[in-house]
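One structure coming up, written as structure tokens, with questions to follow.
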Amino acid sequence: ELVIPSFTYRTGPYAPNGIPFADGYADYFNLLNERDGGIEGQKIKVIECETAYNTQQGVECYENTKGEGTLVIQPLSTGITYQLIPKATSDKIPVHSMGYGRTSAADGTVFPYVFNFPGTYWDAASIIVKHIGATEGNMDNLKGKKIALVYHNSAYGKEPIRTLEELAKKHGYELMLLPVDHPGQEQKATWLQVRRDRPDWVVMWGWGVMNQVAIKEAASVRFPMDRFVGVWWSASENDVLPAGKEADGYKAVAFHAPGTNFPLFADLQKYIVGAGKAAGDGSHVGEVLYNRGMVAALWASEAIRTAMKIHGTMNVTPDMVRDGYEALDVDEARLAELGLPNFTVPVKVTCANHGGPGLGAIQQWDANSQTWSLITGYVPADREVVDALIAEDSAAFAKEAGITPRSCN
Amino acid sequence: MSQQDVQQATSPNNASSPVKAERGRDVIMEVRNITLRFGGVVAIKDVSFDIREGEVRAIIGPNGAGKSSMLNVINGFYHPQEGEVWFHGEKRKAMKPHEIARQGIARTFQNIALFKGMTTLDNIMTGRLTKMNKNILWQTIWAGPAEREELEHREFVEHVIDFLEIQHIRKTPVGRLPYGLQKRVELGRALAAEPKLLLLDEPMAGMNVEEKEDMSRFILDVNEEFGTTIALIEHDMGVVMDISDRVVVLDYGQKIGDGTPDEVRSNQAVIDAYLGVSHD
Amino acid sequence: MAEQTAQQSEMLLTLNNIEVIYNHVILVLKGVSLSVPKGGITALLGGNGAGKTTTLKAVSNLLRSERGEVTKGTIEYRGEKVQSLSPSDLVKRGVIQVMEGRHCFEHLTIEENLMTGAYTRRDGAAEVQKDLELVYSYFPRLKERRKSQAGYTSGGEQQMCAIGRALMSSPETILLDEPSMGLAPQLVEEIFEIVKDLNEREGVSFLLAEQNTTVALRYAHYGYILESGRVVMDGEGAALLENEDVKEFYLGLSTEGRRSYRDVKHYKRRKRWLS
Amino acid sequence: MLYRETGDFKTSYRADQQIFPILQDRVAFWAVLAVAFFVVPLVIDDYWSNAIMLPVLIYALAAIGLNILTGYCGQVSLGTGGFMAVGAYASYKLMTAFPELNIFFIVLLSGGVTALVGVIFGLPSLRIKGFYLAVATLAAQFFLVWLFNKVPWFYNYSATGQIAAPERTVFGYAVTGAEAAPWATYLFCLVFVTILGFAAKNMLRGRVGRAWMAIRDMDIAAEIIGVPPLRTKLSAFAVSSFYVGVAGALYFAVWFGAAEPTEAFGINQSFLVLFMIIIGGLGSMLGSFLGAGFMVLMPILLKTAMVGGLGMQAVTAKHIEITLIGVLIIFFLIVEPHGLARLWAIAKEKLRLWPFPH
Amino acid sequence: MIFFIETVISGLMAGVMYALVALGFVLIFKASGIFNFAQGVLALFAALTLTGIMDNFGLSAWIAIPLTLGVMVLLAILIERLVLQHLVNQEPIILFMATIGLAYVLEGIGDILWGSNVKVLDVGLPNGASDWMLDSFDIYVEKLEVAAAVTATILVIVLSIFSQYTRIGRALRAVADDHQAALSVGISLRTIWVIVWSIAGFVALVAGIMWGSKSGVQFSLSLIALKALPVLILGGFTSIPGAIVGGLIIGVGEKIAEIYLGEVMSALFSLDRNIFSAIENWFAYVLALGFLLFRPQGLFGERIIERV
């Protein structure tokens, strides 16, 4: 039996975001169980543990599930991820913080058990800036422009600042920082500042109710939605629906497709949702965060499969799964095989690179049809800037924590 | 009730009081021209009197006359708009109540103000706080100076407890005690401070005769054995006439009489305002 | 003064062998029985901690809010068992208690305090107003301070306020707990005159706990003496006044007449009937 | 009569002033302590250490701290989370600035720093009382968290404001960092809890404690009998903050190893510790432990029972758990408003009378 | 200058929204001396029930609102029966703790009944910025908040009159002062409590509707209680008008601070202005604290009686 804990938050202030993700994560594994009898015939046991997006409960969940033979942990919270990095490393359990967590964990030499592919926050920041540049004509046009960052005032929200500052130096735009405290229901002052200083673009690193309020407020102050771009966590249906028509045109960076237009969803309907075996009430299928939960599960199962191949055993240990992750290669062909052609970016992880390809597309909300759609192809981040920052940060961490980076050759 | 009843109630065969008038010539406390206002209410108007060392000084008067307020002025809880307080022959500067307590003035309260969550013993021990000073670090270690200090004061407090005959309730939380015992504990707390001047606000309210007798005895013993000066407010004229050396009478914030119990009792203004005439 | 009680009258309130326990462990009343006749003034006497207040609270059902409970016996008012009623039900039936230690509503003005007394009344503002004037005529001092917050009035003023507040409910039975506490001598007399007046003119019955035994017995028709949670003696007011033990222990009168407080000697004289 | 104090006479005041005047209590206490020191470390594993023992010990310490301020001195505070943050950041700064300094002293020093901060935020207590003060202490809570979140010096200019505890050892055994063994972290915390627990009890049974309680029960009367209100209240703030600070330092350095102010030291922490002392018993040392135990264990037990035992879904279990915690809080308050400690005392009293009802 | 005015106006509006929540606290505190920690959750619960009724039964707001009100009254009765009744005459902090327990229960039950998804609440309140203000004065005002301001004003007036001048109102205040004495004069605590909790439930519903329309109905709604606390101490726990005045002061104060303090600090002390962002939260408390130092009972609160 393959034990995979699912750190969820179906209660608390972030529950509306936690629920679809948890549903997608569980449903995918269940589909494998129901349809294929698990991974290579090994049944998967998903253990849900409620963290309420709270670090303490996250740690409790970690300690609690660890004893059951956890193969990989996806904390779904930057805060919990930071907390678990040292613990999981010493317990030799892989952590996959998919598109969140500590950006410099992309450096596999310093963080041997932590993965954050397919892209890091710094990749996201850079991709957004690239999109802005593209929309303005070219990157040179960024000079003199003003970009505001509205961010969740926590470790998570602060992640992109470094990169955005670095890019500001490179491209000559001006960066304006507007933090929003948890939970973020009151953003009057923030948006008044936006109204006064009239930035050309607003970038958002939000989570939970903060996203909805920001989009509504932006609409109220008549900020053009197509110049408002969120990170991938600020772009679910929950975030735009409350603003109604006003949210039309809001953008966000994404690393997978929304919607149900993929063959796999037919199976999902047949084996899981239709069969009444869905983790939730089935109402979130195809939503952005649901699909993201599926992607996370997909990579986890592929990593386990890879680990089984590498080590030639069905009884994989967490340590082996780590190897599976490091040899993960889910390209377009494999995605199509899995019934999800072009569903997400092709990923190839290596020992040194835990951050994946760092690709992202821009998706946009259409309020009339109430759908998200990708409006660009997947573009890479500015590797030159981002990689340098990652190297710097991981080196600093290694020094502070007394880690000698392992060699990956 | 007839006039005669009042007379009877207030004039027992108290042969001993004239003797006491001889004692204590030095004035320990003097209030001069005190006026105290609360917004429009004038609680005390231009009142002066003194308290001599070693005497039992009673303050009487109808309800709302300003008696309790006067005690509050003396121990610094109220700050009069006008007037001066002299203590030990010195004019007192503006001070906080706790500083005044350290000068040796202790009191009890009309509405019992015990520390409800603590036992009798602890309540009385708080009376000695002004005399304890081992610092907090010693306290954390306990063994050593802090414990010695504690035991020393405990000893004293046990004397007070014996004196007031409340040994049996030593460890009882005071909130549970009946009213009369609470009053006694409160007296104990004040005594524990070894005050020079002891202010008692209706120490015998809500007691029956027997208990009042006990209380009177405690008060007199304190006065006689330790020479503590006592100022007391009391509505039971029998008690006042029997145990006090001099009486000051307030009415509507003004002083209407001052003198020995006998003088006061025959003062017409006092009879009209306070002792009352019959309605029969 | 108490001669008129001789006639046998109907019992309004009857306590039958009640036992009260606080906090599940502290046994305070150990089987108290007493009764209050209609139109009578009944006194409850006894030293500190005898259980007077507890008895009154048992009747008015205020015990529960102090984590006390009647564990045995019955309490009947007009033949109806009242133990399970709420305090406000009792007030509606005409039983009101004046609590020991004043308990005024500090933040309300004196007048508002008095008006809360009329909370359960349904007989119209005019009647209430009349009673308010009556209370003011009993206690002119209250009228002077009517606009002051009760918390800022003197102890005696608060006591008057508490009594006046109870009168405002135009009750049938009043449970008075230490009404004379903290009142100036002439007021003590006045209070008892008011009691007598209400009793005679309006037929209000009283159960009063009082330490001032002399005065209480002079006005009461009947008295009970409580010690350590038991009734140790009862009798007509006048008879009790003449009882030698009562004289000695509750009135402070010895055979030679009234003792001076100054002469009380340092020895323990307390007598217990039983314990 | 299973439990008795009769026959246990005291012949000196010293004996009467002991922490546990009754022999049976004394024996039981030392037995518990012996087990805690000599048995538990042998059997403890990661889960027991990280999910149960460390939280209970550390929260007990914080609860003692808050109990001193709120339960003993009557000043309700909702700033506990903020003060824990001070302890945590102080220890972080000290650990990184003085790598040579033993972690034991670092923790104590962090408590000291917190005490200073506590005194500053205690100043308004002279004028502001009751719930007004409680809400006003939220100013401390929010301000401190903001400070640590915003001023980069506090987190050594790290990119995201996260702080992480480097490894430190005591007698060669790591007590902080990911490599620390569960028994080592447990013992390290236990030592603090034991020493500070005794220290608190000593303060409380003597002069200082009585002054605090006097202020709590009736501040005006206390002042009139000679207790200086400002000094007394501030001393309570200082001592309380010291404990809370030590708890914060252990919380960060030993238990979690990493922290971010908004999450780890948010207002929820303040409330949690307040719940502990109210449920456990205001003004009771035992209550601090019982309360911490209750609030830490209750959710875990409920979860284990419902998910593990009854096989419920995690979500449903969580919702029921939240509801049940609420129900239990109310239930215990109704049964005994003075907390678990009082419930325990009453139980003992009943045992003493047993088999008689009263 | 326009921008400053705009800041002030938006502060006022935010203040009104806080006041709506604070009002619920004040009512219960004033009427029973209970610091009702569950007020925020009560608002959430009311809003959840409302959306639940509207979505599940397809009822219009006009029917659903009275139904929800009925549920809130029922809730008040239950709270009295199951909780408060057993805690008569306990210390304030114990009652406070009981309301915390209540908050947990309501949160849990709300979740169980209605789930934790975000629900869009639309009872037909106007949404978005007022075009007229924007076009003619270039000032940005949310229509929803204007509606909230009007509602709050009406509520404050009605409730003030109720508590100051009616028989029940007087009884409410009496209960707050002394449970036992209130019992002794025949005030039925049970009735009183049911009444205030029902009114508080109503106020919570209003707050829930306003905040719910603004940011959707979800758990975070209960956290607005935290925003009401500084308002509460500033205005005074016992003053209904205080809630609104306090709200306005806090609203304006925190917005001005958030927007200008950074600039001022960087101009005066050349500090990094980014440090002085997200200060709204603590600033509100510090502002309230500042007022308290001068008036420990809040601006309009009842004087704290200190006597011996």
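Order of writing sets the labels: A, B, C, D and E. Residues in every chain begin at 1.
Following the convention adopted for this analysis, a residue touches a chain if its C-beta (ideal position, glycine included) is under 8 Å from a C-beta of that chain, and two chains touch if they have at least 3 such contacts.
What you are looking at is a predicted structure, and each value in this text was computed from that prediction instead of being measured.
Asks: Which chains sit in contact with both members of the pair chain A and chain D?
Replies: Common neighbours, chain A/chain D: E.
Asks: Taking each chain's centre as the mean of its CA atoms, which one is farthest from the centre of chain C?
Replies: Computed centres place A farthest from chain C.
Asks: So which chain is the furthest away from chain E, centre to centre on CA atoms?
Replies: Farthest by centroid: B.
Asks: For the chain pairs C-E and C-D, which is connected through the larger number of C-beta pairs in contact?
Replies: Answer to which pair has more contacts is C-E.
Asks: Could you state the distance in Å from the CA-based centre of chain C to that of chain E?
Replies: That gives a centre separation of 44 Å.
Asks: Express in whole angstrom the distance between the two chain centres, defined as the mean CA positions of chain B and chain C.
Replies: From the centre of chain B to the centre of chain C is 28 Å.
Asks: Please report how many Å separate the Cα centroid of chain B from that of chain E, as a whole number.
Replies: For chain B versus chain E, the centre distance works out to 48 Å.
Asks: Please tell me the distance, in whole Å, between the geometric centres of chain D and chain E computed from their C-alpha atoms.
Replies: 31
Asks: I need the residues of chain D touching at least two other chains; which ones are they?
Replies: 149, 220-221, 224, 319, 322
Asks: Of all residues in chain C, which are in touch with two or more distinct other chains?
Replies: Counting only residues that touch two or more other chains, chain C contributes 26, 152.
Asks: Could you list which residues of chain A touch at least two other chains?
Replies: Residues 10-11, 153, 181 of chain A each touch two or more of the other chains.
Asks: Which pairs of chains touch one another in this structure?
Replies: Here the touching pairs of chains are A-D, A-E, B-C, B-D, B-E, C-D, C-E, D-E.
Asks: Hey, which residues of chain E end up touching chain B in the complex?
Replies: Residue positions touching the partner: 308.
Asks: Which residues of chain D touch chain C in their complex?
Replies: Answer in residue numbers: 346, 349-350, 353, 358.
Asks: What residues of chain A sit close enough to touch chain E in their complex?
Replies: By the definition above, chain A touches chain E via 10-13, 15-16, 19, 153, 177-181, 183-186, 188-190, 192-193, 195-196, 208-209, 212-213, 216, 219-222, 238, 241-242, 244, 246, 281.
Asks: Can you check the complex and tell me which residues of chain C touch chain E?
Replies: Listed in rising order, the residues of chain C that touch chain E are 60, 62, 64-66, 86-88, 90-92, 96-99, 103-108, 112-113, 115-117, 119-120, 149, 151-152, 162, 165-166, 169.
Asks: Given the complex with chain D, which residues does chain B contribute to the contact?
Replies: That would be residues 75, 77, 96-98, 101-102, 106-107, 109, 113-118, 122, 125-127, 129-130, 132, 134, 136, 139-142, 146-147, 149-151, 154-155, 158, 189-190, 193 of chain B.
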